[in-house]
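To keep things simple, chains are lettered A, B, C and D as they appear, and every chain counts its residues starting from 1.
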Amino acid sequence: MTGNSIGKIFRVTTFGESHGKSLGCIIDGVPPGMKISEKDLRIDLDRRRPSENEDGISRRNEPDRVEILSGIFNGFTTGNPIGIILNNCDKRSQDYDNIREIFRPGHADYTYQKKYGVRDHRGGGRSSARETAMWVAAGSIAKKYLRQNLGITIQAYLSQVGNMFIDFKEPSCLSRKNFFCPDSSKILELKKLFSHLKKIGDSVGSKVTVFAKHMFPGLGEPVFHKLNADISYAMMNINGVKAVEIGDGFNVVQMNGSYHRDEIRKGGTFRTNHSGGILGGITTGQDVVVHIAFKPSSSIKVPCTSINHDGEEVTISVSGRHDVCIGIRAVPVVEAMLAIVLIDHFLMHKGRCMR
Amino acid sequence: MTGNSIGKIFRVTTFGESHGKSLGCIIDGVPPGMKISEKDLRIDLDRRRPSENEDGISRRNEPDRVEILSGIFNGFTTGNPIGIILNNCDKRSQDYDNIREIFRPGHADYTYQKKYGVRDHRGGGRSSARETAMWVAAGSIAKKYLRQNLGITIQAYLSQVGNMFIDFKEPSCLSRKNFFCPDSSKILELKKLFSHLKKIGDSVGSKVTVFAKHMFPGLGEPVFHKLNADISYAMMNINGVKAVEIGDGFNVVQMNGSYHRDEIRKGGTFRTNHSGGILGGITTGQDVVVHIAFKPSSSIKVPCTSINHDGEEVTISVSGRHDVCIGIRAVPVVEAMLAIVLIDHFLMHKGRCMR
Amino acid sequence: MTGNSIGKIFRVTTFGESHGKSLGCIIDGVPPGMKISEKDLRIDLDRRRPSENEDGISRRNEPDRVEILSGIFNGFTTGNPIGIILNNCDKRSQDYDNIREIFRPGHADYTYQKKYGVRDHRGGGRSSARETAMWVAAGSIAKKYLRQNLGITIQAYLSQVGNMFIDFKEPSCLSRKNFFCPDSSKILELKKLFSHLKKIGDSVGSKVTVFAKHMFPGLGEPVFHKLNADISYAMMNINGVKAVEIGDGFNVVQMNGSYHRDEIRKGGTFRTNHSGGILGGITTGQDVVVHIAFKPSSSIKVPCTSINHDGEEVTISVSGRHDVCIGIRAVPVVEAMLAIVLIDHFLMHKGRCMR
Amino acid sequence: MTGNSIGKIFRVTTFGESHGKSLGCIIDGVPPGMKISEKDLRIDLDRRRPSENEDGISRRNEPDRVEILSGIFNGFTTGNPIGIILNNCDKRSQDYDNIREIFRPGHADYTYQKKYGVRDHRGGGRSSARETAMWVAAGSIAKKYLRQNLGITIQAYLSQVGNMFIDFKEPSCLSRKNFFCPDSSKILELKKLFSHLKKIGDSVGSKVTVFAKHMFPGLGEPVFHKLNADISYAMMNINGVKAVEIGDGFNVVQMNGSYHRDEIRKGGTFRTNHSGGILGGITTGQDVVVHIAFKPSSSIKVPCTSINHDGEEVTISVSGRHDVCIGIRAVPVVEAMLAIVLIDHFLMHKGRCMR
């Protein structure tokens, strides 16, 4: 339970604070012989970055320029751990001087202080979502392996913002610029909403949906380490996540068994996919489908009451660079987490069950 | 990722199939000096069992008579692993002869066969919910430790069945007999619903809510092994779970940040508990609140289409002892899972952060 | 670091005290499709048992009758955990009444009491070597897998007792009856020594050597979890082990590099095997060779000074069933430990590095 | 079994090749509130470095200048992971061009190639002992914690080189300059031996002894994760180690039980310490004593036969910077490994057994 690693066989361990010298990670268990360069890692990291002049999204004036320090020789993985580093340049720590001794509601300030008796208050320290850049970098390697070796592809998108529901209509329009919204008819509305929220200094919650296509049956353990359990675990570690659904999720509460169970047809196809591609913790070969709820960011200008280190009440209004809808930036993070869980399960399954 | 253990410091490892000789588990990491007897384990196991003549609930004609085989000396834990066994007496394996080579839709039959190339079809083998009896036994020890050493109490209840919502009105009426329904005015309605479903051979989904009271701040790791992530993981391993929410869960999608963040008041109390008692992966000291969605059981008489081992389509109707609403029996299981996660985090936190 | 499990992918978790109800273990990670029966487990367990009327060796009047409780269906492993139980019948706990509050020198009595504040004094409780019966049972499955799937065979023997050195001359005469001594010309001498020790109530140290033949190159991790490190770890957990050597072991201290390094010849054969078949933590394909030192048993009649729970000095003489040379009974345990380490590494290697 | 981490609660994960961009590590589980700076890490790293103009010891023309990247705030640990980096400046990779396709006997070249099908040949890649600089850095933190919080001190020294035995006479003269030889009367002899070996292009084996003083009873797990097992594991991961002894080690083979068992005296003191301070896997409170055998380096000029990637025989003579006696440089590494094992066990013991 060392709290800075994920995965058992494909294992990612991270370090670094938002305003420290650097963030970094070690990716252990990468199979040898994969062609990997820093360019591979940057694709998803760039998808995670706000575009120029984008409204309502926080942004550092620095490229997320990850550097690979080990584990690659002549362009190929060697089976040895890949060390990655991301230096912090544009830190603006002074933005946080006023909250040095104040607990921002909805943030980890209070809980870190209670847990450790000490905390790095600058930019949230280790609780900053900047940490997830490392997950995205590691996820890029996992995604490449899944795609090239198993044909599995992973795709996440923004499926709900506030009470606006977004259908998966146009995969082609998915991009950071379009808020990972797969319905071009809703992009303008989203822009307006984000501008409005920015203006009033508030934020909004969101839902991200992710699926893995071209799966094969047999991934996942049957009792603990069920695939759905490991997916749920991985997603719940993303900053701001408050709920996870597999397949039909909470809707199953209102269903009857005769409706929900997915009938099987000749040749092992399924009539429906209410289960989200997982039965008894193990993939069926159908698409794996997961929904994730992100809370509205607590880093907003609307003032509220909190306390300082002395327990005295204060009024706080959070300035600085902040997202009005954290689900957007989280789209590549969600994909990375799913990829890490799938490769980890695949390497285990291959060792133990495959001929 | 050996798939039959949960917990790192307080670690539970299980074995056993529904219709094998026995189920059992090893509970490792129990602190020495606790007074524990088989009676302690039976309280929750009895809460898990259907009452006599209960409609719509499957039931074996055998007591869940767990036996402690080790780890207790003169009535007290020794710090050594506690071995527990539960023999299977009333097996009726013949009930399953007709599905020996058929995959029941909505069950793990198909996925086990694809993963392992072999499976014990009797009663679902290892995918049977009977397995959770071991979790409840282990959870009883965890609950006792939390209650006696830290004052933490855990309570789960049935919060939704189909489209019937149940409020936490009367904790006193919570019992297996009353379907763990905390509102006596709804019990008759539930009985009618279950009788009806039994008659038509169908089932219904449900939601269980669990909370831990008298928490203290500081439990949970801040990056991976966030407390919410470990809770979500634990719950998602329970048979039939399709979604997990912490605090306000999916409702946060429709909230603004100015509403959602829980303001802090003098002395470290909170005005609200939208977060479900966890910020940045670590407890705030508020109640930890979790909601879990259970799918409707797929073991129903309503016939449907499936395939056999030869890939041919067949019509299947599942007879035998089965629940119409699996959330009910899961109430003590949900409590056990939360207790196991909390004690595991506490022992880690105590070692690393407490003076 | 839950202290009752070994292995990561092929994982064995045990419970049980010498004079408790039962000992047992859960073997997780056994690949599906292996033909396994209780008979397979008994072969090595019988090799571990003293023969009738054997001098100088402790012996319970009960067969080590292990029972498999799960994980096997129609004679084949299912990929699910194998639960094993061994009931304690002939306990004679009264033999230990006189040491209830006395710490036997050279035993774990004192350290258990200091660690836990409580201990099961009967027969050493959990520190009894009876525990290793479970390791032997688990090792039998590992050995069968290695032999049938990879052609690897494992053989241990008694290589030194006191100052008597035993060469590996006659593999055919290796048996419990012959003290696992591979040189028939030394058996009589050993018998005399053991009778003498029995008579004077003393014991003697010993060395066991084990090798794995028909290895292939590539097993082991290169930095931590080096194969030699995991082997050394496994052996050092056996009761009474005080030292472990790989290949030439301590003799390397007196060697020059020009002598020690094993030259490589055309086709990848080696001129010598000073390294014990492991370079940089990874197998070379040569035989893996390990030597293990066992201390003389402290359970002897020769009286000595110790203290009781009140810290007062007492004189103690240990009666009951005890070995005069614990290395003999340990031979199958040593084989089991090596087999568990090798299968564990193989399943990991297969998942991550093999095509 | 990801092979680049050690420890469970205090967990060190490393990356980096000898001639790559950098080496680094993440130290997870460091308790909060410790005063730590880069200076603390450099003390032991400097002890590991050869002194100027020293004969017979390899040496890079660069300071081992580790940098702390995270986990420290205002000079104190925060409980978050400490990222450490060590850049490789003076690489001289061209020294290794001639062995690009040749397997050096006694090195990991052959086994890496067989395991992964690819390897970084420069300076041994990841199998270089340069990796242990990271272990020493992590060990410095562990040592400081043990010393300041528990009063435990750890000291290693060179106890044998070839057939020269060195007694622990003068702790005060222990230093890198003196080859960590605790007997000043032997230093000149060692110098001569090393000069001679350098001249003839050969190397020699060695033994290092380490002890931990001011221990308390109760550290270690009783079945697996015995303290001696974890120590043995840790040491066996150090490059070139071929054997490990606890206390009297292999000498116990020739002892009788009446001699070996350490009698206990009034107040819990022991008459002798044959056991090396560990009984049943748990500390007695006596000094923990461990001996470690290092093979003679295989990087020597004396030519020998090997093969290239095509399986053809070649003659090889290893030039470059190399140690004639690797045990010397290993002294601080041995201390670091012992410290990491002890703190890891302490944090676990504290969480589970201490009040």
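Criterion: a residue touches a chain if its C-beta (ideal position, glycine included) is under 8 Å from a C-beta of that chain, and two chains touch if they have at least 3 such contacts.
Not measured: the values here are computed from a predicted model.
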If you apply the touch rule, which chains end up adjacent to both chain B and chain D? A, C
Higher C-beta contact count, B-C or A-C? B-C
Of all other chains, the one whose Cα centre sits farthest from chain C: A
Centroid of chain B to centroid of chain C, CA atoms only: how many Å? 39
Determine the centre-to-centre distance between chain A and chain B, using the mean Cα coordinates as centres, and give it in whole Å. 27
Separation of chain A from chain C, taking each centre as the mean of its C-alpha atoms, in whole Å: 46
Chain C, residues touching no fewer than two other chains: 2-5, 8-9, 14, 29, 32, 79-80, 115-117, 126, 222, 348-349, 353
Using the touch rule from the top, collect the residues of chain B that touch chain C in their complex. 2-5, 8-9, 11, 13-17, 20-24, 26, 28-29, 32-33, 67, 69-71, 73, 76, 78-83, 85, 115-120, 125-126
Partner chain D, residues of chain C touching it in the complex: 1-6, 8-9, 14, 103, 105-108, 110-112, 114-117, 126-127, 131, 160-163, 197, 202-207, 217-226, 228-237, 239, 241-250, 252-268, 271, 275-276, 278-285, 293-300, 302, 304-307, 311-313, 344-345, 348-349, 353
Per the touch rule, the chain D residues reaching chain B in their complex are 9, 29, 31-32, 79-80, 222, 347-353
